[in-house]
Each structure stands twice: as C-alpha cells, then as structure tokens.
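The structures come next, written out as structure tokens.
One chain, chain A, links the two complexes that follow: it is found with chain B in the first and with chain C in the second.
Right after this comes the complex of A and B.
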C-alpha cells in the first residue's frame, strides 16, 4: 500500500503504483523532520529521567523499612491508569488559574501565572513530565526485580575485600541490574517512539506543532487528510526504525547477560 | 569446495563483527533521522536504517565465531 497513491476515503478511485514516491516525499518534508525532532526530545528526556528516577526508587525500595509495601503500591498506581485518564486529569493539574501545578511551583519561587500546555517552551516538557510520572514505576519495578535477584553473598564477599558502598554499587549492583534496566528502557523506548494517546489528549500536538510527535502527524495524514498510501509509507519508516533499534537492544542485553 | 576455502569463508562470515557493523549503521541512521541540524542527513537516514536492519537480519544467521 505504501507504494500506491491509495486514498481510503475514495473507494472508486483508480489505485496507481507510484514506486518510492511516498518515501521520497516523507524524507524531504521539513514538517515531518520537525515531528521527528519533537519525538527525539520526548524520547531522550523521558528515557533518561525514567532510568535515573526508576533506578533510584528501586534502590530505595530494596531497603527494608516500615511501610515499604504500601509505598511501593502507591508508587505503581499511575502505571495502572489509562493514558487518556492521566492526560485529562493532568490538564486540570496544569490549569494556569486553578491547577495545583502552578500553585506548587509558585510556592517555591514566584513565577506568577504561567501555562505549561499553552507555552511553546514549556509544552514539550509538560508531556515529558507526565510520561515520566506515569511510567517511572514500570522501570522501577523491573529494576527492583533485578535487585532482588542479587545474592547476598556477593556483598558479603565484597565487604570482606573491604569494598566501600560505592564500589559495591559499581561492581555488583549496577552490572546485575543493567540488563533489567535496558529491558525496561527497550519497552519504554519503543512505546515512546510511537506515543500517541497521552500527547494527543494532553496537548493535541500544540501549541502550533511544538508537541506534534511523529505518530500524531501520521494519524493526521491517515485519518484527516486520508492519504492512506503516503501514511502507510510513514508507518513503514517508523516500524523499520523501531525494529532496527529493537534488534540492537536485544543484542546488547544478551551481551550483558552473558557477562 | 576444498576445506581451505571453507575455513576462509567461515572466518569471513562470522556473526559478531558483521552484527556490530550492522548495529553501527542502524544507530547512525537513527541519529540522522532524529538530529535537528541538517535536512540532508534526515533525507538519507532511512537508507541507513533499512540497510542496517536488513544486514542485521541476514548476518544474525551467520555462524558464531565463539564456538
């Protein structure tokens, strides 16, 4: 289909073979290049924050303290919600006049009235923040599973060898938990590359096209402009990219596991 | 095919180095696709990604050099 000029809303139209024309158009269009940059910004920051905060929380919850179980349950709650629901209530949280987000920020420093979703500079960060809030527990849970699987005798042996806490973390904890962290990031990376529901509900790709990630553009081409052949080519580009990256991640993960 | 040629082919078509090359090509392609600096890099990014991915699929069936 990606090699044709097919329009799904024109059933009687003659379908012509156009070769690589759709692909060439997509790869020469500046609008789509910009959506790729928005996707890259979203992916980079969400993966970085989720890896750091998720690992930090997992290390914290791996310690035994009172209320550990209840805290874990509270932390994983956002992950269980539907992205559409999360986006709707975060739009209320981000409300400039009545939202709690502005109130909390102004409590620490008086920025005055500002809008997260409506501002060109802040809107990309607003979706990063919501995705991080929602999906950090996922990274945390997988890292926690990795931490629980480390046998205690390794730390005991390290203590006998007079390794300090940082050395223990660097040489025992981190290598053991890394395959798990990479697995979590693989899932999140693939998911975020094609992120749609959360962004479309929260900002709708706006203001302007600052938060228009690739999948929103793809949906517009496919179901608003009805350029089915063209959008199929776009979908193929996205699929091949995810597939290629997925192969590398799996390879890296196996390498780490072998070590 | 004589055994010498066979061993030469086995040495050339080893999975690990070819997989590394394919992975590097994919990563270069993805960086080209997502970078905000040069349109021309974006234009040719998919060639790299597709080439790298297809190469990866083929070379992952090569025999491993470890065994």
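Right after this comes the complex of A and C.
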C-alpha cells in the first residue's frame, strides 16, 4: 500500500503504483523532520529523567525504613492511571489562572501569568514533565528488582577490601542494575516513540506544531486526510526506525550484560 | 382443546412480535453535532413523530470529534444514519463520493423549491458543484461567525470615559477590525468589579477547524479570495496576497495582546467558558450559541449584546451552518425523505426559529417581526448577507488541516512570518489539488 497513491476515502479511485515516491516525499518533507525532532526531544528528556529519578527512587526504596511499602505504593500510583485521565488531570494542573502548577511556581518566584501548554518554549517541557511523573515508577520498579537481586556478599567483600560507599555503588550497584535500567528504558523508548494519547489530550500537538510528535502527524495523515498510501509509507519508516533503534539498544544491553 | 389454545397463543405471540418489529423499524436516526441547536431539534421533531408515527433517534457527536466520526461513517458506507446534518464543507465530498442522495427529483415531486430559502444558504449548504441547481441538502441551520460583548461593561460610565479619553470616540460596538482591536486592548488586563479581565476570546484551536474559522473571519474582512476568479485553483497572489498577510498579522496581534493567558487551543466551548465566567469582554463564536448566551444566568438577560463580524477593507463573515442530507447508504431513505419534507414546511421552520434553531426559510427571515424577535436577529441577517465559506471541495479535509497547521504555527506557535505561512499554504493546497487531478 505504501507504494501506491491510495486514498481510503475516495471510492472508485484508480489506484496507481507510485514506486518510492511516498518515501521520497516523506524524507524530504520539512514538517516530517520537525515532528521527528519533537519526538526525539520528548524521548531524550523523558528517558534521561526517568532513568535518573527512577534509579534514585529505587536506591531510596531499597533501604529499609518505616513506611517504605506505603511510599512505594504511592509512587507507583500514576502509572496505573489511564494516559487520557492523566492528561486531563494535568491540563487542570497547568491551567494558567487556577492551576496549582502556576501557583506553586509563583510561590517560589513571581513569574506572573504564564502558561505551560500554551507557550512555545514551555509546551515541550510540559509533556516531558507529565510523562516523567507518570512513568518514572515503572523504571523505578525494574531498577528495584535489579537492586534486590544483588547478593549481599558482594558488598561484604567490598567492605573487607575497604571500598567506600561511592566505590561500592560504582563497582557493584551500578553494573548490576544497569541491564535492568536499560531494559526499562528500552520499553519506555518504544512506548515514547509512538506516544500519542497523552500528548493529544494535553496539548493536541500545539502550540503550533511544537509538540506534534510523529504519531500525531501519522494519525492526521492516515485518518483525517485519508492519505492512505502516503501514511502507510510513513508508518513503515517509523517502524523501521524504532526497530533499528531497538536492535541497537538490545545489542548495547547484551554487551553490558556480558561484561 | 389444549392444542388449540397453544396454537392461538403462538399466533398471538407471533402477531405481537411482528407488530412490535414493524413499529421498531419505523424510526430514523439523525446525526448532528452535540450542541444547543441539537436539543432544539429534538424538541421540534417530536411534532414529526406525532404526525407520522416515525420515531426519531439521534446521535449527537461533540464538535471536536464531529467531522472524524461522521466522515469515517460516510467513508465506510455505514448505515448508522439516515439523515445527516453535515457541515457545509462536506457537500463536495458528499456529492462526488456518493454519500448523499441527490434531492432534485424529490424536491420537484414534493413541490419544495429552493427559491423559498435564503439564496446564500442554498448556495453554501445545498449545491454541488457550487452554484449549480444540483441539490444534495436542504438548508437546515443558518450560521455565521459573530461576536458577543458585555453590554453591561460597555455601559459603565468610568469605562466610557476612559475609552473616550484614550481613543477619542465612544466605547461602542466595533464596526471595523481596527476598532475591534482598540476595544479588546482596552479591556485587556483591566480590573472591573474587582476582577482582572481580558479583551476577547478568539478561535485558536488546532485539532479540527477552530483557528481557520477564526482567521478567515479576519481574512474575509480584508477581502480574501481563495483563487483567481477567472482561473480556478490558481491561488498564487490570492491566498498569499498582501491583504491576506496583513489580515493574518492582525489576527496574531489580537491573539498576542488581547486574549486571556493560555487561550492557545480554544474554540466554541473554550470561548463560551471564558465569556460566561467573566474573563473576557468579547467572544468570537457562532450564532448558534447566542440563544444560550442570551439566557445565561451570569451574562444573559440584557448583559450581552451581539454583532456581526466587523469589516475592514471589505465585508465578510465566516460561514457556519449545515444542510440536512439523506445518507445514500441508509435502508430507510423513504422515511428520511419524509422527514426532510416535513422540515421544509414554513410552519415547522417558524417553530424551528422560535426554539433556538436558525431557519434559512424566507418566510421566517422576511417576516416583519423577525428582526425584533431576538436581540441577535439583526446581526444574523447582516452576517448572512456577507458570508463566505471555506473550500467545499471533496478534498476539503486536507485543505482544512493544511490551513490549521500553517496559521496555527504562525499565530500561536510563533513560527516564521505571515508571508511564509501563506506561501506554504499555497504549496500545500496546490499539492492537494494536483493529487486530486484538479491541477
């Protein structure tokens, strides 16, 4: 289908073979690269923040303290919610006049009236923040599983060798938990590459096209403009991209594991 | 005897089932947007059921999903709807792709003449190709983009004085976009009755058609033309003309300087909310909402006034409204046509207006009492006399989404210049018409 000029909303139209025309058009289209940039920005920052905060929380919750279990339950709550519900919920939080987000920011420093999801500079960060809030618990849980699997005798041996806490973290904890962290990031990366619902509900791809990630553009081409052939080519490109990136990631992960 | 009783009972049951099945089949399903006029139509259609015994069922879809839902249904040849009140821009696709039944023969047979309806509405809602006597819909709901304002605030002496001092003329209903800007910017950030207020709630929505409908209100007032009148689909120098660029820049100025914070993805409901909650002095919206605004406990009861889209270098207003069509995939086309025949009656049209629908029938609009029947009636007549619609081509969705992107990127997204936005729009539209074989 991706090699044709097919439109699903035009009954009786003559379907022509167009070769690689759709692919060439997509790869040369500035708008498509902008959506890819928006996707890359979203993926990079969400993965980075989720890795750092997720690992940090996992290290915290790996310690034994009173209220550990309740805290774990509270932290994992966001990822149990539907993305659409989360988006609506955060739309209210971000509301510039009555939302709690602006109130909290202005409590510390008076920025005056500002809007997170309506501002070109801030909107990309608004979706990063919400996704991080929602999905950091996932990274945290997987890291926590990794931390729990580290045998205690490794730390005991390190202490005998007079390794300090930082050295123990660097040489025992981090290498042990890294494959788990990378696995969590692989799942999150795949999810975020095709992120749709959360962003649509929160910003609709706007303002302008600043948060128009690739899947939103694909949906518009496929099911609003009904450019079926063209959007099929776009879907193939997206699949090949994520498949390729995923494979590279898995190879890196295996190399780290082997070490 | 026992056997006989059983047979009688069986026959009775069969009869009851058959008659209830027949009754159940005497219904039609009407699809429209979920908004105030739809409720008025439900009320109105009770008379139809009373007269004919045909039950009416409805599926009303919220505006943001209306086009998606209905067009997907039509594209898949769905039988959900027998009667569809579809947006004016769908008429091209409805006719060309065979989604709508052509109504000429039916109108001829039933004595329904389009001369009884207001000419601009017939042109916009019923004909394809445009202006030809090929009818695919009955004008059902006249509408145009207009403005509501806080009459009570405009009447405040201290505001009147402040405005007079600033601009040298009284604070009143703006008749040009320059005046509109003066009024909007005057109210922006002003404290009235102890609360901070803003200028205007205008259309900025990205997903469906919102910002295009808003921007075209400005474009038409600057004399915008979609194409060379002598050479169809020749858009260079028309879509991206100096006037069009000026109008787009003006719209952005109003967005940047006169709207409430966060008003970056707003359409009908968001504008209504901003207005009803007392945030803004004016709102841009469809006439369809004015009956509701006029009755609203907070802003109705004389607190609001209404006016047609202001002019600037030309007269123009964005057309809204819909025609009523019979879906060609329906199994109950005969019942659907009965409904259209009933709806076209002058007395039904008069009741339609009284319930809050906007009739396009001349008997209603030319009635001497019409102008005084509602505070927004004169504005409606003024607007309908100068309306202009977006492309009604079969490919209108592609054309619309391209414009949504280009103008939203510029107005809200701060991307590039107005000239670049309109140049890119010409490129997008040219690509669409080329793919459709029009160029």
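Some points to look at:
The rule is short, and it goes like this: the second predicted complex is superposed on the first by the 259 of 259 C-alpha atoms of A that agree within 3 Å, B and C clash if a C-alpha of one lies under 4 Å from a C-alpha of the other, contacts with A are read in each partner's own complex, and residues count from 1 in each chain.
Throughout what follows, contacts are C-beta pairs under 8 Å (C-beta built on N, C-alpha and C of every residue); 3 or more make two chains touch, one makes a residue touch a chain.
Fair warning: this is a prediction, and the values are worked out from it, not measured in the lab.
With both complexes brought onto chain A, simultaneous placement of chain B and chain C is permitted, the two fitting side by side without a clash.
In the superposed model, chain B and chain C sit 120 degrees apart as seen from the Cα centre of chain A, a figure rounded to the nearest 10.
In the superposition on chain A, contact of A:244 is made with chain B only, not with chain C.
With both structures placed on the common chain, the touch criterion links A:27 to chain B but leaves chain C unconnected.
By the touch criterion defined above, A:37 lies against chain B but remains apart from chain C after alignment on the C-alpha atoms of chain A. Of the two partner chains, neither chain B nor chain C is touched by A:56.
More residues of chain A lie in contact with C than with the other chain of the pair chain B and chain C. In the superposed model, A:175 makes contact with neither chain B nor chain C.
When the two complexes are overlaid on their common chain A, residue A:19 makes contact with neither chain B nor chain C. Between chain B and chain C, the smallest C-alpha to C-alpha distance in the superposed model amounts to 15 Å. Looking at chain A, you'll find no residue that touches chain B in one structure and chain C in the other. Residue ranges on chain A touching chain C, taken from their complex, read 5, 8-11, 31, 94-97, 113-115, 117-120, 203-210, 220, 223-227.
The touching residues of chain C, when paired with chain A in their complex, are 68, 71-72, 75, 77, 93, 97-98, 205-207, 260-265, 279, 394, 397-398, 401, 405, 408-410, 412-415, 435.
Within the complex, the chain A residues that touch chain B are 23, 27-28, 30, 33, 36-37, 39-40, 43, 237, 240-241, 243-245, 247-248, 251. Per the touch definition, chain B reaches chain A in the complex via residues 19, 23, 26-27, 29-30, 33-36, 39, 42-46, 49-50, 52-53, 56-57, 60.
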